[in-house]
Amino acid sequence: MIKTGIVGATGYTGSELVRLLYNHPEVSIEVITSESRTGDRFSDVHPHFSGVVMLELEPAEAMLKKEVDLIFLALPHGVSMRYAEKYRNAGFRVIDLSGDFRLSSPEIYQQWYGQAHTYSEGFEGAVYGLPELHREKIRKAGLVANPGCYPTSAILGLAPLLQAGLIAGGQVIVDSKSGVTGAGVKAKPGTHYSNVSDNFKAYGLKGHRHTIEIEEQLSGLAQEPVQIQFTPHLLPVDRGILSTIYTQPKEKVTEKEVRALYKSFYKTHPFVRMRDEPPALKEVRGSNFCDLFVTYDERTKRIITIAVIDNLVKGAAGQAMQNMNLMMGLEETAGFPMVPLNP
Amino acid sequence: MIKTGIVGATGYTGSELVRLLYNHPEVSIEVITSESRTGDRFSDVHPHFSGVVMLELEPAEAMLKKEVDLIFLALPHGVSMRYAEKYRNAGFRVIDLSGDFRLSSPEIYQQWYGQAHTYSEGFEGAVYGLPELHREKIRKAGLVANPGCYPTSAILGLAPLLQAGLIAGGQVIVDSKSGVTGAGVKAKPGTHYSNVSDNFKAYGLKGHRHTIEIEEQLSGLAQEPVQIQFTPHLLPVDRGILSTIYTQPKEKVTEKEVRALYKSFYKTHPFVRMRDEPPALKEVRGSNFCDLFVTYDERTKRIITIAVIDNLVKGAAGQAMQNMNLMMGLEETAGFPMVPLNP
Amino acid sequence: MIKTGIVGATGYTGSELVRLLYNHPEVSIEVITSESRTGDRFSDVHPHFSGVVMLELEPAEAMLKKEVDLIFLALPHGVSMRYAEKYRNAGFRVIDLSGDFRLSSPEIYQQWYGQAHTYSEGFEGAVYGLPELHREKIRKAGLVANPGCYPTSAILGLAPLLQAGLIAGGQVIVDSKSGVTGAGVKAKPGTHYSNVSDNFKAYGLKGHRHTIEIEEQLSGLAQEPVQIQFTPHLLPVDRGILSTIYTQPKEKVTEKEVRALYKSFYKTHPFVRMRDEPPALKEVRGSNFCDLFVTYDERTKRIITIAVIDNLVKGAAGQAMQNMNLMMGLEETAGFPMVPLNP
Amino acid sequence: MIKTGIVGATGYTGSELVRLLYNHPEVSIEVITSESRTGDRFSDVHPHFSGVVMLELEPAEAMLKKEVDLIFLALPHGVSMRYAEKYRNAGFRVIDLSGDFRLSSPEIYQQWYGQAHTYSEGFEGAVYGLPELHREKIRKAGLVANPGCYPTSAILGLAPLLQAGLIAGGQVIVDSKSGVTGAGVKAKPGTHYSNVSDNFKAYGLKGHRHTIEIEEQLSGLAQEPVQIQFTPHLLPVDRGILSTIYTQPKEKVTEKEVRALYKSFYKTHPFVRMRDEPPALKEVRGSNFCDLFVTYDERTKRIITIAVIDNLVKGAAGQAMQNMNLMMGLEETAGFPMVPLNP
C-alpha cells in the first residue's frame, strides 16, 4: 500500500486528487493539510465526501512527521515552491501541481510569472510530468512538475508533428477553450454564475503563462525554437479543455500519413485515444483520457488537430496520479476509473 | 467472477450500467444487446467508451445461448415484459429497470400505464428492488423490479415517517425536480437544448405514473392507504432528482426526534447519508448515494424532508448494481465508485 | 418627458432598470448614482451598455440638486431606508426596490430583518407596490415599496383564492425555485459557477424574510391570518422564479370554477396571463409578465397553482417601472418590451 | 406604417423576426404563414407570445392576396428559392433569410449546397444584405440575401483589414463558436440537451457552407482571392457567435494603427461597437450589435480580431430588420431594442 499526503485541500485539484486516490486500491491517503481550515474535516470543506472520507485537516507542518511515500502539492504557484523546498529537503518525493517548476529556469519563471523564484535548486532535479513525453525520467524523479491544463492539451496535440519535424516552427496557432474550474475555486466576478452561464469570451490574449510552457516543451521536441499563438477562452462548463490547433506542414502530406504519425506516436500510451470524429468534452469528463483528432485540409494545406481533456483530471489531478503510478512502479493506469461520466 | 448481460444498449440506463459494471472488479459484462444497432460496437453508440469497452452489440436472442448469472433489462416499459418472460422461462435471474413489474398487479399496471400486461406470472415472484426496504427478499429474487427514479427519492425520503406511523396518510406533498436524462435519450422538443437550458417547468401534474408506485410502497410501510400529491418538474441539469417533501405529523414531535428516527432507520444502509444541511444535486452526482435532510418547522407544525439522488445511478443503474450485489452474495457496496463527481 | 434618477448602479436591479427605462419613449434617465464607482461611466460597470448609455456615475448626494420626477432606489435593505428618508424629506417621490418598506411596521421589520428601522415615518405613507392588488393607492403614493421577487409570484398565484375565501388559512405551501440573479451581483461561494451549474438545492428553509411579506399581503386579502410554508430553491438559471403552490379548498370546487375565478380576478391586469398549460421560465424572460396556471386535482382535493415571473423584471425593475407608469399617469404597459426573449 | 409578411413561422428566425417587428413602432405584421401549422395561432407554436401576438397562421399562398410592402422568408435553403421566385414575380420586395441567394452564382451554389438552383434569375438582382458593406445597394434592392450567422461575424471582423489590403490573402483563420439555436429548432441528437450542456465540440471541419460565403465577400473587398480556414464549434449556450480571427499583416503595423483602421471603417455604422476589452456573448444578447475587439501581437506579428454577435439578431432576424429599415427609407436603427439582455 502506497502512502500519500496531500498539501492543500480547499481547491479543486486537491479535491479531485482525493477522489482519484480514494478509489485507487493500492493507495492510502494518510494526511490532507490546510492552513485555513485546520481542524475541520475534509468533508466539511467538500460535502460530497460526507461519510466517505473522514480525515481531519492538519497543518502542512504535520506532514514532516508522517511516513508517506509521496507528497502532492495542490497549492497556488508562488506558495508551492516553499513547501517543495521543505519537503524535498526532508527527503520526500514530491509531485507539484502548481506552475513553480514547469519552466526551464528561475529566470524564465520570473519573466513570465512576475516574481522571483525562491527555490532555484528545485529546477535541477525537476522533471516535467507529462508521461507521454518523459515517462522514463518521471519514474526516477524526486520532484515532478505536473503540467498545466492548457499545455497538456496543446503539447499532446502537437507532439507528433513537431517530433517528426513536419511543422514550420512559427506557424502554430492554439485556440483553446476551458471550463470554469480552471479559474479556481475562489469566488470572483469572473466565476460568478451569471457572468459565465450562457456566455463565452476570450481572455489573457498574447501573454498567458501557459504560452511559454508549451513553447519550451515543443522546442525541446522539435530541437528548434517553436513559437505559438495561444488564445484561451472561457466556456460555460465545469470541466474540460478543447484546443483547436492549426499548423502548416513544411512539405506535402496526406491525411493518411498524418493520422498514421499520431497513431504511431501514441501507440504505447494508454491515456491518449486517437478518434475518428472530433471529440467532445463530455466524452472524457471525469477520466484521464486525452482524445485527439487530426485532419488535413487539402484546400488550405493546413493540419487541424483537436485535443480534448478533463482539465481537473488529465490536466491536473489525474496526470498527477499517473505520475505517481510511474514513480511507484505501478501500472500506469492503476486505480483509474476508465469510463468517462457522460452525460 | 459474476457474468452479466445487458439487454438494451442505446439509452442512458444501459450506458450507465456498463460504466458501473465495467469498474466492478468482481463482474464481467459478457454481452450487450441492441436490436437497432446489432453489429455495431457499443462504443459506436456511446463514443466515450472508445478504447475501453470493445463489445459488439448482439441481438437479444443471442442471450439465450450465453452463460450469464444475471440479465439486466434496460428497455422501455411495455417492451421489457416480453424479454422478462423469455429470460425467466429460460431460467435466468433478471433485474428489470423498466416500470413493468413495479406495481402490485397487472390490473393496476393497466390502469396507470394504459396498456395490458402480457406476463402476469411475472408479478408473482417479482420483488420491488429498493434494498433499503426489501433487502432480504432481493437476495433471493428471480425477478427484481428496479424502482423508478422519482419513487426512489420519495420513498427513501418518507419511509421512516410512515413506518413509524407519524404521518397522516393523506397529508403528503412531494414536489420533485429532475434532470433531463430522466426523459430519455430520444431527441424530442422537450429535450431540445433551447427548451431546457436556462429554463424550468412543471409537467405531468396529477397523473404521473410514479404516483401509484410511491403510494403502493408507502402504503405497505404504513399499513394503511397513503395518498400523495406528486408534482414533477424539469431542471436544466443532466442528472439528479431533488424531492422536497411536506408532511404533517399526527402528534407533537421535535426536530431532534425526527432526525433520530431517520438516523435509526438508515443505520445499516450504506448508500443513505443523513445530512446536516440541505444537500445539492452535485453532491451525489455519479454516485449511488441518496442524501437526506429533514427538519421540523415549529411555526407551521410541518416536517420538511429533502431527498437527493443521481437519477441514473441510485435512480436506475446504480440501484440495479446494488440489487445485483445482494442477489449474488457480494458486499452491498462492492464495485461502486464512492466519491461523487463534483464539480 | 418624465425625468428619473436611479440610486445604486452596480447591481442587477439597477442595471435592469436602466435597460427598461432607456427603451421607454416617455422617460429620460437624468442621473445614476454609485458611491463606489463615482466618476466611472455606467457602461464601465455594465459593458453591455457600451455606446448606448453614456452617463457618468454621480454620488447619491447629487440627486438632491436634480430636477427629477421620480427616484428609484436600487440599494440593499438597511441602506435604502437612509436614502428614502433623505429624498422623501426633500420632496421627491420614491420607489424603493429593497425590503425596507414592504412590511407593516418597524417592529415586524426588526423581527424578520434582524435590525432596527431608522425611518419609521416612512411606513405611514408607503404603499406596497403590487399593482394587481393596490393599483389605485400606487397612483398617489409618495413612497412605493416595490415587492420582493418571491412574494410577487406567490401573492399573484394565491390572491384570487384568498380573496374569494376559498382556502383554509393554514393550508398553503409555496415551493419556489429561483434563478441566481436573485442572490445578487456579488461574487460569493453560493454564486460561483461550479456551485450552481448542473446543480440544484433548497436554502433558507423555515425563516426566509419573504415569508412574512407574503403572509401579510395575503392576510390582508383574506381578512384573516394566513400562514404559509415557504421553501426557496436555487436553480441553475440566470433569471426567473417558478412557484408551485398547493392549497386545499374549504369546500367542493371544480377546475372550471377555479379557472374562472382567476380569469375574473386578473381581467383588467395586462401583465398577468392565464395559461392553459404549465408555463416555463423562458416564456416570460425579459418581460414583465406573470404567467399563471391553475388546476384542481379531483383525486387529492387540492388546487395546484403555478406562477412564473422574471425575477429581475416583474420581480424587481419591471414592476418598479409599472409602478412608475401608474404614479405618472401613463398607460400601465407604456414603454415595456412585450415579447419575452426566448430562447 | 410599413406592412410586412413573414413566411415560415415555426423556426427560431421566424419567431425572432416577430419579436423585433412587433416592437417596431412603424411596422405592422400583416400575415405569418406556415404550411404545417395553418390555422393554429402563432402563439400556439411559440407560447411566449401568448396574449401578445394574436395572428393565425395562414398558408403561404395567401400572401399573394395581401397588401404588404415587404416579405421576409424564414425558410430552409432549397425551399426558400421557390417562394422567392413566386413573390418576386408577383412584384413583392423580399428579404430571404436562407442561404439561397448569398453566393455569386447558381453554379457556386450547386457546388457548396449540393443541389441545383431552380431560380437562377434571382441572382441577378439579389444584394448581399450586410449593411456595413452594401448599404446603398440594399436601399434599392428587390431581393436581399440576408447573410449567414457565421459570415456576419467573420466578415465584419475582417473587412477593415482586407479592404485596406493589409492581409495576405491566404493567411486567415476563423475559429468560430456558436450557440445551439444556430442548429435550428428541430429536435435531433445534436440538439439534445444532454449532448450540448456542459459540453463543447468542433464540427463541419473543412467543408462548411459558410466558408465560401465568407470568401466571396472578402475577395470582393480585397479585390483578390481570399482563402479562409473556417472551423465552427458548438457552444452550450442558446444564442451567440464568437469568432476568433487570426491574420498576418503583409507589412509592419502597430496596434494603434490597426485599431484606428477599424474605428474609421465603422464610424458611420451604428450596430458595430469597437470594444477596448474582448467582448462576451451576453454583452450583445438580444441586440443587433456586432462587438469587435482587435489587437496586434508584437511577439508573433499577428493580428487577432474577436467578433461577437447574437446569431438570431445580427446573425439573422435583426439584420433582416436592419435591411428592411434601409429598404423602406427608415433610420437604420429604427425600432430596435438597443440594450442587450444581460444577464
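We call the chains A, B, C and D, going by the order they appear; numbering starts again at 1 in every chain.
By our rule, a residue touches a chain if its C-beta (ideal position, glycine included) is under 8 Å from a C-beta of that chain, and two chains touch if they have at least 3 such contacts.
This structure is a prediction, so every number in the text was calculated from the model and none was measured.
> Going by the contact rule set out at the top, which chains touch both chain A and chain B?
C, D
> Among the chains here, which has the CA centroid at the largest distance from chain C's centroid?
Most distant chain from chain C: A.
> Between chain B and chain C, tell me the centre distance in angstrom, where each centre is the average of that chain's C-alpha atoms.
The answer is 39 Å.
> Report the inter-centroid distance (CA atoms only) between chain B and chain D in whole Å.
46
> For chain C, write out the residues touching at least two other chains, lowest number first.
Residues 12, 181, 194-195, 197-198, 236-239, 279, 282, 285, 343 of chain C touch two or more partner chains.
> In their complex, what parts of chain D are in touch with chain A?
Listed in rising order, the residues of chain D that touch chain A are 170, 173, 175, 177, 194-195, 197-203, 205-206, 227, 229, 231, 233, 235-240, 242, 244, 246, 278-282, 285, 295, 297, 299-300, 302, 304, 306, 343.
> Taking the touch rule as given, give the residues of chain A at its contact with chain B in the complex, in rising order.
My answer: residues 12, 15, 18-19, 22-23, 46-53, 181, 197-198, 238-239, 273, 275, 277, 279, 282-287, 289, 291, 337-343.
> Inside the complex, what are the residues of chain D that reach chain B?
Its residues touching chain B are 12, 180-181, 185, 187-189, 191-198, 236-238.
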